[in-house]
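Below, each structure is written out as structure tokens.
Shared between the two complexes below is chain A, which has chain B as its partner in the first and chain C in the second.
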Partner chain A sequence: MARKVTYLAGIEGAERELTVEVHDLDADPWPLGAKLKYVGTEVPRLDGVAKVTGVAQFTQDVNLDKMAYAGEVIAPHAHAVVKSIDASAARAMPGVLAVRTSEGKRVTYAGSSVAAVCATSREVLADALAAIRVEYDVQPHAVTVEEALKDEVRVSPRRSNDTAGGRGGAMRRGNPDAALESAEVKVEAEYRTAIQTHSALEPHGSVVSIDKEGNATVWASTQATSGFAGGRLLRALELPRGRVRVITEHMGGGFGAKFGAQSWDVLCAEFAKETGRPVKYLLTRRSEHLVGGNRPDSIQKLTLGGTKDGTFTVLAGETWGTSGNGRGGAGCANFMGYTLPSVRMLQHTVSTFTARGAAFRAPRHPQGFFALEGAIDAFAAKAGLDPLAVRMKNDPHPVRQIQWKIGAERIGWKRNHRKVAGSDKGPVKRGVGCAAGRWSQAGRGNWSVDLTIDSSGHVIVMNGAQDLGTGTRTLLAICVAEELGIPPATIDVRVGDTRYPPGPGSGGSTTAPSLGPAAREAGLRAREALAALLGVEWKTDSEKVTLEDGVFKGPGGKKATFQEACGLIPDEGLRVRGTRRRNYDGYNRETAGCQFAEVAVDTETGVITVERVVAVHDAGRLVNTMASRSQVNGGVIQGISFALYEERQLDENLGDMVNPTFDTYKIMGMADCPQIDVVLTTVVSGFNSIGMMGLGEPATVPTAGAIASAVYNAIGVQVRQLPMTPARVLAALEGRQQ
Partner chain B sequence: MTQGSAPAAAETRRKVHMQLLVNGEAQEVAFLPHKTLLEVLREDMQLTGTKHGCELGECGTCTVLMDGEPMLSCLVLGIECDGVEIETVEGMATGAGPHPLQTWFADLGAAQCGYCTPGFLMTAKSILERDPNPSREDLVEELSGNLCRCTGYLKIYEAIEAAAKDMREGSQ
Partner chain C sequence: MKAFAYIRPQSAEAAAAALADNDGALIKANGIDLLDRMKERVDEPNALVGLVDVEAFDSIEVEEDGGIRIGAGATLAQLAASQVVERFLPSLAYAAGHAASPQLRTRATVGGNLGQHTRCGYYRHKSFPCLKRGGDHCPVLKPGGVQDTAAIFGNGTCASASPSSLAPVFGSLDAVLTVRRGEATREVPFAEAWAEPKAGWASDLVFDREDLIESVHIPARAEPQRLGYEEVRQKAAFDWPLTACGVRLVAEGNTVKEARVWLGSVAPTPLRSEAAEKVLVGKSFTEARARAAGEAAVTGASPLPGNTYKVQLTKVVVRRALMQAWGRS
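Showing the complex of A and B:
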């Protein structure tokens, strides 16, 4: 049964009344301006103490009695056939428990496994792997898009796949040919982005243990605890899913590359079964860079056209990128966010002899917005218009319209944006720029959160989803706390274990809005149950029992604290379940955000220093502003790293990665970290009872575009290739850019 | 093309027995002589608070203090640690409770996934022991060997500065 609820949603200044159909069991949605005690406040993470004392256990920290170690010999060639493998010396080593070899295997990327060993210690493992001799018949390969396009059939593992935005097919709307013809202002340019590896500090991998009854426990560094044990892993274990427990107590970063069990996890399971011992395998740093996933690169040729007053009429483009030896995945979100009446976009995913790309925080977006925002800057310059004004003129999002103004004020746009780009005197030139971001995630799935309370008042909240560090534990506690009127820190939250109700995989900024409403409902059900107990005790109708400021009240001045109410819970305990149901009709499908950057560019050395970033973001109603701020900081930091430093470099002759270490593959460090001014705009999204949206991805979408825009303002020429290394900046200044 | 090199039988090597001074306690440990301090701590002493990130001396997650100096434990052999005072994150809290750095890291949200956190804490502890009032520039310099992929940098500065202030005021 459903009921209709009318309430105020959106953002202050652009609010709107929504009438939604709400399931009878759902809580009433909190309207804009609702007075909430814990939701929307700064709450330190519940597992903070565990993380600062070394108690927090990551997969890498799991050490079991009699545990064996697995590892692999990886191919140094992009394309080769394994002619022979001599593993006799390895097999003969004391301590070697099992050896696998793949004679005859066709290797299609450097880093591919050709042999595997299971040994009693890491030392024996290292010795055994080093003792395996592999002979390869090296084949021709192409590891870059440009090489692959030269002679695709001969050197690519698969034919290329045309995609628009990763969804397949070309994209066309309006009348692009006529619009290009009639455009009063038209700019055309090519933008490039490099391959970025996820570089999580904890590698991929797992520990697999099979007990005497034949049940398996898998500790995995995963973003999808509940979905981790899929077909290949279960087949390797020869067990039904219900007899495989997966645990992810804490995990050291994923960013999109750690979902279901991968080949190395399956290998662990096979060795565990074969040797009868627990087996551990976490990838080496080199393998992390080679095969642990990456953001595909891009070559984006864009033409943006419009009228002299700065209104866009058309975007046309073609893009190429490689997502390794698979098909699809190298699309670019370079036609989104702004009003573009006519679009013609053809996107190619080019297959190469490299390991597959993976979802990476806001797939398609940072690269797409870097190019689109670059085209917008060029368009504004050609039209002689302020680039911020042009953006606002073509931006249909009511929230982003407010955000542009906030960001412009904070960065001091009027004062700091150079009217004439590159006009600063002296070799170090400053400028400011801006870019938009978007995402769309209001949560999904009918996930459940279980809650128990005993007569001592101990509240346990359970869901199987993992906390990647984004603060899922704390978020669940806050949503329950709001309904029960007790501080979040007093709630015991248990996550990352398949013994609890299944939870979503953490991809696409889904976890918070997918679980928050279920947690709120669990809290509500518990409150109702306590009210019912008090109703019996006070001999009154439980509906007359209310909870105000953490105190239950009944007719005739009856009062009970939460603790006193819990005293009525019988020995069996109180157990309730909150379930998330379908999304309502919301305020706006798109999550809005924009960022502004201020940079200094040394035109003699080519070094870019990002001095300040203003990041203005919406994620629906924010539950924990401390965690939200962290997410935005992290998104900006990864965005700067993408813009200025990160680039997987492959040797075209050997096909191997030249820089598979943190020494040579640079991720942003402390010395490069600018001041980051995070502004969170609360928007009641309307899609669920809390009004939440996801925030992980949107925070990193605009950063590279905003920095490139600021660099353009500082030096007067666009650097159209990421990362914007000193050499590329100098080349752009000298007019040598591709 | 051939890959591989001559074998060596690690299983048959003999363990060394040593006394290691870890977190103020002398402990007898038996371990293989080629093991790094990181491996000895994590595998032979069950002190997994010190994290394993790259094993190449590049990420800083394995930082411990050796006689008060931050060292990358993946680049030090266990057998080099005779007579050395080793401190790990497990030893930071004193009897009275958590170290101010731990308190502020937790309260200000300086740990996100938390994997780099022990390394940052150890480096920060050594900084504050030498200089109770470090400038931002000093912190940048000293913490540049520790990488964080999630969020940390700004909140890490703030947490260290807040802890330093607490410690200065506490020692007056």
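Showing the complex of A and C:
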């Protein structure tokens, strides 16, 4: 069943032979240097035209006959009991189909639903929601970590508001106490990051429709079509999973906050059952910011110690953050990437009266690396060493060692890194900085991709997984195209529908490496099937039929184009399935990545302008370099936004969010976008037949750290709190951190 | 939002009549600000009088005496692209060309820009108490309130900051607003157009519902004017300034004969700084003097714990606007 394959893997300059055991049905892994026609090239996304012309249908665009609209009244209090609700005016409105109220409910975060309406139009819905009067008995609350830690009994929505060390939050390695004692160079500082909301352009929500036979179709904005219809939704619909079809044809962003059906989707289903109409509910922008998910904040106290020559020996730290009324999730990846022989880390997730945090593009990482890289910069300064040299000295990753050099060259480190930080003349000072990132994802699951071809040569490739906008459709086409020798654009890819074989949820940068190998195998199986048909036609052994440059060839100069070969397909068509099996051994479990930034800081106003970012990344073998670049651009943009602008601002007395719209919640726009120089290093990573890994998350990990590092180089003091607003930059310059 | 009647008069006279005839009707320029307020139900008018069809409402004209008249319907993009504005009022061209975003500037009008309500998040969301919306206090002022963009002057009862970046420029130009009510028009000096915050008064202007700004007049001047405008914004677009300053200087040799210094985004209304002007008038202009004017501009500032940095920003924009103006002759 299994065979051994030995092949060259890794990156040019640090390649290595891998011997792996692959399943008999698995395709041979492509080695480093394999000549491939489509994989690893620039392929424009297949749905690009549909998207820019408005043809692509997002959940918001689904409009059905007799469709009704649902919405909710949300509490503006962090902690309150609903005393009474007067919905009589709403109930009496023509067009109002159903009203629900939650008298007596204890609200534990602003944005929590206290009443819901289903109506025949958006307009009636809005009027009805506005006409509902709710009276609250407001209770004491704490919405910040510091308040919550002050007075535990008064403020905790849970029995204990501090889940210290929960879920990976405690870590000990080596001999931290002795190492701290003996460290020749030691720096200690506190770093803070703010709560960032997911802010996907497309809000959460769904359209639920139940047909005459009682089967349900749900159009949902989800990162997990196959996993979307879970217990609560199925119970609301009173249907088994097999009778609920979930469709996500196109998606307008998720970033980790859109997996299974949530309360609003369940509400939609309940209203659909109750009213007998299709019901649509997409959250308002205010609810998106309040309850749609967020990246927990952090307070990170770090001590980094090492020797005078710049070798790290120890990292010790304690962190606090809030994931709202959730139990865990506020940890920080501030002890990873570098060689740290001794580590002592304790991380607290503090519960507050705010809505729950959610996985957010590289959970724990951007905030963790911001702090860790800050500590490294401080360490290098104290030791009198070049901060890049210190990083390279302590970096165990062979790929990142190459990437540091590429990045340094591109940013002009020698020229542009100020030997004396803050030494530029005049009020506007420039500097460059750098930071590392990491991730680990080579795909998982035994997903299958189905492929059909008819006698006209029309190829359809199917998997139920959604395309988040990352280019999954195009990726599947490329993997199949490589095996069939036909251009990716000629392949008809169908995704985002549970009618097709189930696919992975898009979390942890899994989708591409989980589905790519299955698609490749589907292509391979189809090629074998075509070869078999030609073998019969040419009266030869199908093994002797080869595919070269898109032309099938057989003994005796026999030739057939792809089209001609497909002409042999019988009426019932050709149908094959490619399956992904377990991962085998690989080159390095971690993807590397590093970024360099060049900034200009106006020291009189505190305004930071990011002028250039060089982002050097790897993700195994890159299937579509154009889509990969786009992923990195997006990661950098989101990272700059996190570093400089984004912050959920809560009024501490009222517990509600003061900036729940895009004119008040500052998020990066085009005018703030620097030149982004993306460098992609191809690494044949092993693990699967393509040797590919995930890229979505690693691309946003180093950005904030790199910008903070550049700011430090420009002005000579660290800004240790994100976002680095003018107020915080000026405070740092004045010697007081806010 | 609540259903409303939409009236589209062809002339300013007809617009004024429509405002008089429809109780509760509000003026709509291009609705960038107004429709947001309506969607949040901060305003629930039963009728809108739209100005899109009003003839020649967007004209920018040089009058016989050299004065410049800007129609209230002129867009910020128009101001930024106008050769007249660029040549005679460069500070206005700059302010207009850097406000909001390229898309917004093609729709944002001069009348709407002056009429826009504060961007204070508390005012904008009905779930918060707000003095401007008739509440008994301003929650921004309490410890724990979000104060970063709030006012640092005149913030005793309400800490909202005036949003317009054109306002400090118009102030520095001694602009005069032509305001119509019914069949009559009147001339209102810019400095008299603004209202101190008071409970239930949402607008920053003194005007009432029926007052229609027809145009903004920049008076002609015999002597050459040196104009400057500086602002600080955290984001390059799709955001309002944190602090802004418009200045106008008249010089005799190296001596400042006349000075106007107006601040934006630091008080509930645009704010003239006579203290800064005093430092300049009758003295020779130097960078040190510009700096001193910046220091003088913040005397009497009453920053909140969350926005002391705006004091520093104000000093800087005043100095920079003056340096810019002086450098232009």
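One rule holds for everything that comes next: the second predicted complex is superposed on the first by the 727 of 738 C-alpha atoms of A that agree within 3 Å, B and C clash if a C-alpha of one lies under 4 Å from a C-alpha of the other, contacts with A are read in each partner's own complex, and residues count from 1 in each chain.
Simple rule for what comes next: a contact is a pair of C-beta atoms (placed from the backbone, for glycine too) under 8 Å apart; a residue touches a chain by one contact, two chains touch by 3 or more.
Everything quoted here is computed from the prediction, not taken from an experiment.
Once the two complexes are laid over each other on the shared chain, residue contacts for A:Q638 go to chain B alone; chain C is not touched.
By the touch criterion stated above, A:V55 is placed in contact with chain B alone, chain C being left untouched. Residue contacts after overlaying the shared chain place A:N63 against chain B, while chain C stays out of touching range.
In the superposed model, A:T625 lies in contact with neither chain B nor chain C. In the superposition on chain A, A:V607 makes contact with chain C only, while chain B stays out of contact range. In the superposition on chain A, contact of A:G95 is made with chain B only, not with chain C. In the superposed model, A:T579 lies in contact with neither chain B nor chain C.
Once the two complexes are overlaid on the shared chain, A:Q139 sits clear of chain B and of chain C alike.
In the superposed model, A:N215 makes contact with neither chain B nor chain C.
With the contact threshold set out at the top, residues 76, 123, 126-127, 130, 661-663, 669-671 of chain A are in contact with chain B in one structure and with chain C in the other. Residues 1-3, 36, 41, 101, 119, 121-122, 124-125, 127-129, 139, 142, 144-146, 148, 232-239, 242, 307, 309, 312-313, 316 of chain C touch chain A in their complex.
Partner chain B is touched in their complex by these residues of chain A: 44-45, 47-58, 60-61, 63, 73, 76-77, 80, 86, 89-90, 93-95, 120-124, 126-128, 130-136, 138, 199-202, 250-253, 255, 282, 284-285, 468-470, 626-627, 629-631, 633-634, 637-638, 661-663, 667, 669-671, 673, 675-676. Per the touch definition, chain A reaches chain C in the complex via residues 76, 123, 126-127, 130, 286, 604-607, 609, 644-645, 649-654, 656, 658-664, 666, 668-672, 725-727, 730-731. Listing the residues of chain B that touch chain A in their complex gives 1-13, 32, 34-35, 39, 42-43, 46-56, 58-59, 61, 88-90, 92-93, 98, 101-103, 105-109, 111-118, 121, 139-141, 143-144, 146-151, 153-157.
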